[in-house]
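Below you'll find the structures, each written out as structure tokens.
Below, subunit A partners subunit B and then partners subunit C, in two separate complexes.
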Partner chain A sequence: MRIPVIATSLVKFGDLWEKGIGDLMMESGEMALRNARLKPGMVDSLHIANAFSQEMCSAIAYEKLGIINSVSVNAADASGAVAIREASNSILSGQSNVAMALGVEKMADFKSNEILAMTSKLLDNEEFFAGATVQSQFAVMTKKYLNDFGLKAEDLWFVPSKNHQNGIGNEYAQYRFELKQEKISSSPLAADPIRMFECAPYCDGAAALIMCSPRAARKFKAKGYLLASSVASGSSGLSKRKSLTSIESTKNAAEQAYHAAGIGPKDIGLAEVHDIVPISEVLAIEDLGFAKKGAGLSYIKSNSGKINLSGGLKACGNAPGATGVRQAVDVLRRLKSSKLKYGLAQTLAGTGSISVVNIFGG
Partner chain B sequence: MESSPLSWRLSKERIKPASSEIKGVIESFTVVYNAPKGYENHVPYTIALVRLANGERATSQIVDADRVEVGMKVEPCLRKVYVNGDKGLIEYGVKFRLIK
Partner chain C sequence: MTGIVSYGAYIPRYRIKVEEIARVYGKDADFIKSELLIEEKSVPSWDEDSLTMGFEASLNALRRAGINKKKIQAVYSGSESKVYAVKPNSSMIGEALGIGDDFTSADIEFACKAGTAGIQMCFGLAKSGFIEYGLAIGSDTSQAMPGDILEYTASAGAAAFIIGNKKEEVIAELEEMHSISSDTPDFWRRGMQKYPSHAERFTGAPAYFRHLVDCTKAVMQKAKLKVDDIDHVAFHTPNGKFPTRAGEILKFPKEKLQDSLIVSKIGNTYSAASMLVLTHILDKAKPNERILLTSFGSGAGSDAFIFRVTNNIKKLKQARTTKSYMDDRRYVSYAAYRKLAGVS
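On to the complex of A and B.
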């Protein structure tokens, strides 16, 4: 498949106290419509991704954007990435000529322990009941990974530090400053061995992209192409997984996406991956086929100009509903401004109960 | 049917020690300092992935342990998990403790 993307929009992520969820939808949606010179009535289907902050997003989209045909998509942190897939499916089925994927989230209004309780529901019931969090389950995986591959906890601090360095140049990122590894070492533990400054912060944000059918593409200017969009499920709990040092759903989604796009990991010029904690970026690199098991960190170190150039979830902030669309917009814009041919975005829900891999071409 | 008080009295004899089938070994663990709503009072608490003797795995809190390490042997026990709602209903559940 080769679906033209005809507009992209991003709202700067952050604690956006002055904006409501409708404001964010309107800002990102209208920006995308203007970008493609479209009227709301010309959008055949709108796929709104939101994970935690709003019921009935469709009604708000109708009020704020005037788009009639819309559906909500909820796949936790992967919502935005799934919305892109749903929009592309709508085009592939012939139901839509023009489809918009819009991701939106408001997290800043919640207290941090409330967010931990909300996100821990993404885990297996057994884990939720034990008082686990997404971060704590990644900590269990981290400990196993460090043990298996002879690394120390501080070795992983390179990952958030590198992402902050990348984020400095991104005007849409929430935290545009350097994060030295010493600073991480002085932050309190969230779930041993993961420290607070290794965890991506939850925030507000919105992003949108509009795609059209290849038939309608003559009328628009393509900003890039969606070449593959794969979603795969896995166990939500660690107890039922074969391996603690690999995310099976990412492996499966990547395999399907590479197959659909007719390319392999070596062809990918840049990637946005789900760095909610350092280990999730390392595992993504390995499970996406960029590096062998155990070699993810050294790959990241020698390819820091390729992975999470936006600053990732760590520097951009994680607005779960919007993150998947934000990653896609970032990949598309970077492909456009470079000579690179292919870019990839990988997003997780929870600790890997869902993985989405979207591949884009410039 | 037995009355509740009778059940309670009889239960002391009915509770059998954990069978060796569900004893296990700690495969990996973490200590949680940043807890979700409802669990703040337990901080810091240990959550472990336990490999049971029957081959299955369980995720649970490890209690009554000053120091936890990968490979330590554990057995299940019944413990308070949290207090639910304003009426103070106590929820009990299975946690694991070290085998001395």
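On to the complex of A and C.
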């Protein structure tokens, strides 16, 4: 599979008080259309990723972008990454010559307790009723990991600190400042041992990309290629998992994606991974096959110029519906401006109930 | 010449520390203190409310002024914690002060800037010659839902200003004023609701900072003044962090903003907040000094004033200073605080 990507667009993530969901869809969608010199009528299918707005996104897309054929995709934080897969499937099936994946989210209008309720509801029902949150479940995984591999909580502070350092140069990131490890240590516990400044913040944002069938590619200029898009499900409940120090769905999605692309982890030149908390980045690195179990953190330390160059969810902000598309756009743009051949984006829903691995070629 | 003729402050004696509230909710007190720049807040006693505190502050203003109180012809009281939903604080305060019947009065509501709106109204009436003196009060016993972040700051206090137009009496001349208003839903409380709602981060950039910073810039531009021309700054103080940040944005040196940081010891006194900072400044201000005051009220708007202190300030009589109220404090437990908050 080698699907040409003919346009990308990004809206700067943040607390976008002045913009509604329709404004964000229009801004990112129009930017992508302009980028590919396309008219709305030439888009055969639009796959809109949105996790929490509960809006009729297709109707908004019709009103704001004039695109008739659209469907909504909801896979929590992984919505954007799944929308890319759905758009690619539409092309592979011959249904579409041109397909757009557009991720959009408005989180800043929700209060923090509403966000907590919405995101916790995506966990296993029994664990949710027992009071679990996304952070508390990751805290359990963090404790187990620290215990198994002889690490201390503060060893993981390198991860958000590194991501903030990377985010400084990203004009689309919400928080473009240095985050020293001392600052993390002074922030309150979110869920022991995870501290507040280790958690990626929820925000507003939008991103889009347009792909076309290889047949239609002659008419457009390719910005890169989608080589594989795999989604795998896993248990949402921690109590139902075989391991707390590995995310099975990421392993499965990665295996399928590498197979489809005909490459292995060693071929990947840069990766955007789901760093909603530090342990999720560490586990991603191991489950994607970049490092052995227990060696994820040291791999991240010696490859800080390879993982989450955008700043990750931590510095960019996490606009769930948009995040997966944002990661893809970031990988594609960096591949284009470098000599690297392959890039990868990994996105989770919740604590790994869904994982998506998208592989791109320059 | 129109300006301030006298002023008075009132702050309840009880205090509760951030540590005590944080202890009850299992929160990190040091983090809250460093994020909000707040240490403790005032707590009204069971027999204190916006009426009694407004009266006390007004009484202090009368004590300082050498004027005939019967000539106060306007009383405006700004509060978001009025004692009655329908029955004005302002007329009760006027009656209690014994200023006679010949005065207009009304209660004003605009979240935390209702008090400065009253000052503006008095300036209008005094400058046009309709009244000799006007009394403008900001007084609040602000509410916070148990467990809400507001609980660390929502406090109680009052400030009162007598406005007049006689050159020999004005202690701080009004040089310029400016206001801005917009429909911004950052903080609200509907009728019959006990506690206010707020939109968390939205209360920052699009609400407090946009209005207060823009209004300050506008009044300084109108008065053709630069940062160097201002000696003291009184900003609205929802916490210590917001006025500090606003000062940085507007490039005021820290020492000029120092008085606004009384918030760290008394909390956010809502309608009284920026007005209490002004009383604290006037307690030590010298002739010819220039003072900038910018209030902020959620909903949202800002009133900005530029005052020039005159020689008359030396002629004021003694009354309790704002600092003496700040220093007179007794700490209460969270349980006692809740008991007091429940009846106030």
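Assume the second predicted complex is superposed on the first by the 361 of 362 C-alpha atoms of A that agree within 3 Å, B and C clash if a C-alpha of one lies under 4 Å from a C-alpha of the other, contacts with A are read in each partner's own complex, and residues count from 1 in each chain.
FYI, a contact is a pair of C-beta atoms (placed from the backbone, for glycine too) under 8 Å apart; a residue touches a chain by one contact, two chains touch by 3 or more.
All of these numbers come straight from a predicted model, not from anything done at the bench.
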Once the two structures are overlaid on subunit A, check if subunit B and subunit C clash or fit side by side. fit
After the two structures are overlaid on chain A, angle v-u-w for subunit B, subunit A, subunit C in degrees (C-alpha centres, nearest 10): 70
Which chain, subunit B or subunit C, is in touch with more residues of subunit A? B
Touch check for A:Gly169: first (subunit B), second (subunit C), both, or neither? neither
Quick one: classify A:Phe129 as touching subunit B (first), subunit C (second), both or neither. first
Partner chain in contact with A:Asp15 - subunit B first, subunit C second, else both or neither: second
First (subunit B), second (subunit C), both or neither: which does A:Val140 touch? first
Once the shared chain is lined up, is A:Ala108 touching subunit B (first), subunit C (second), both, or neither of them? second
Which partner does A:Ser186 contact after superposing on A: first (subunit B), second (subunit C), both, neither? second
Once the shared chain is lined up, is A:Leu238 touching subunit B (first), subunit C (second), both, or neither of them? first
Superposition-derived minimum Cα distance between subunit C and subunit B (Å): 6
Indicate the residue numbers of subunit A shared between its subunit B interface and its subunit C interface, in ascending order. 111-112, 188-189
Residues of subunit A that touch subunit B when the two form their complex: 111-114, 116-117, 120, 124, 126-127, 129-133, 135-137, 139-141, 143-144, 147, 188-194, 196, 237-240, 244
Taking the touch rule as given, give the residues of subunit C at its contact with subunit A in the complex, in rising order. 27-28, 30-31, 34, 199-202, 205-206
Can you check the complex and tell me which residues of subunit B touch subunit A? 27-40, 42, 45, 47-49, 56-61, 70, 81, 93, 95
Going by the contact rule at the top, pick out the subunit A residues touching subunit C in the complex. 15, 17-18, 108, 111-112, 186-189
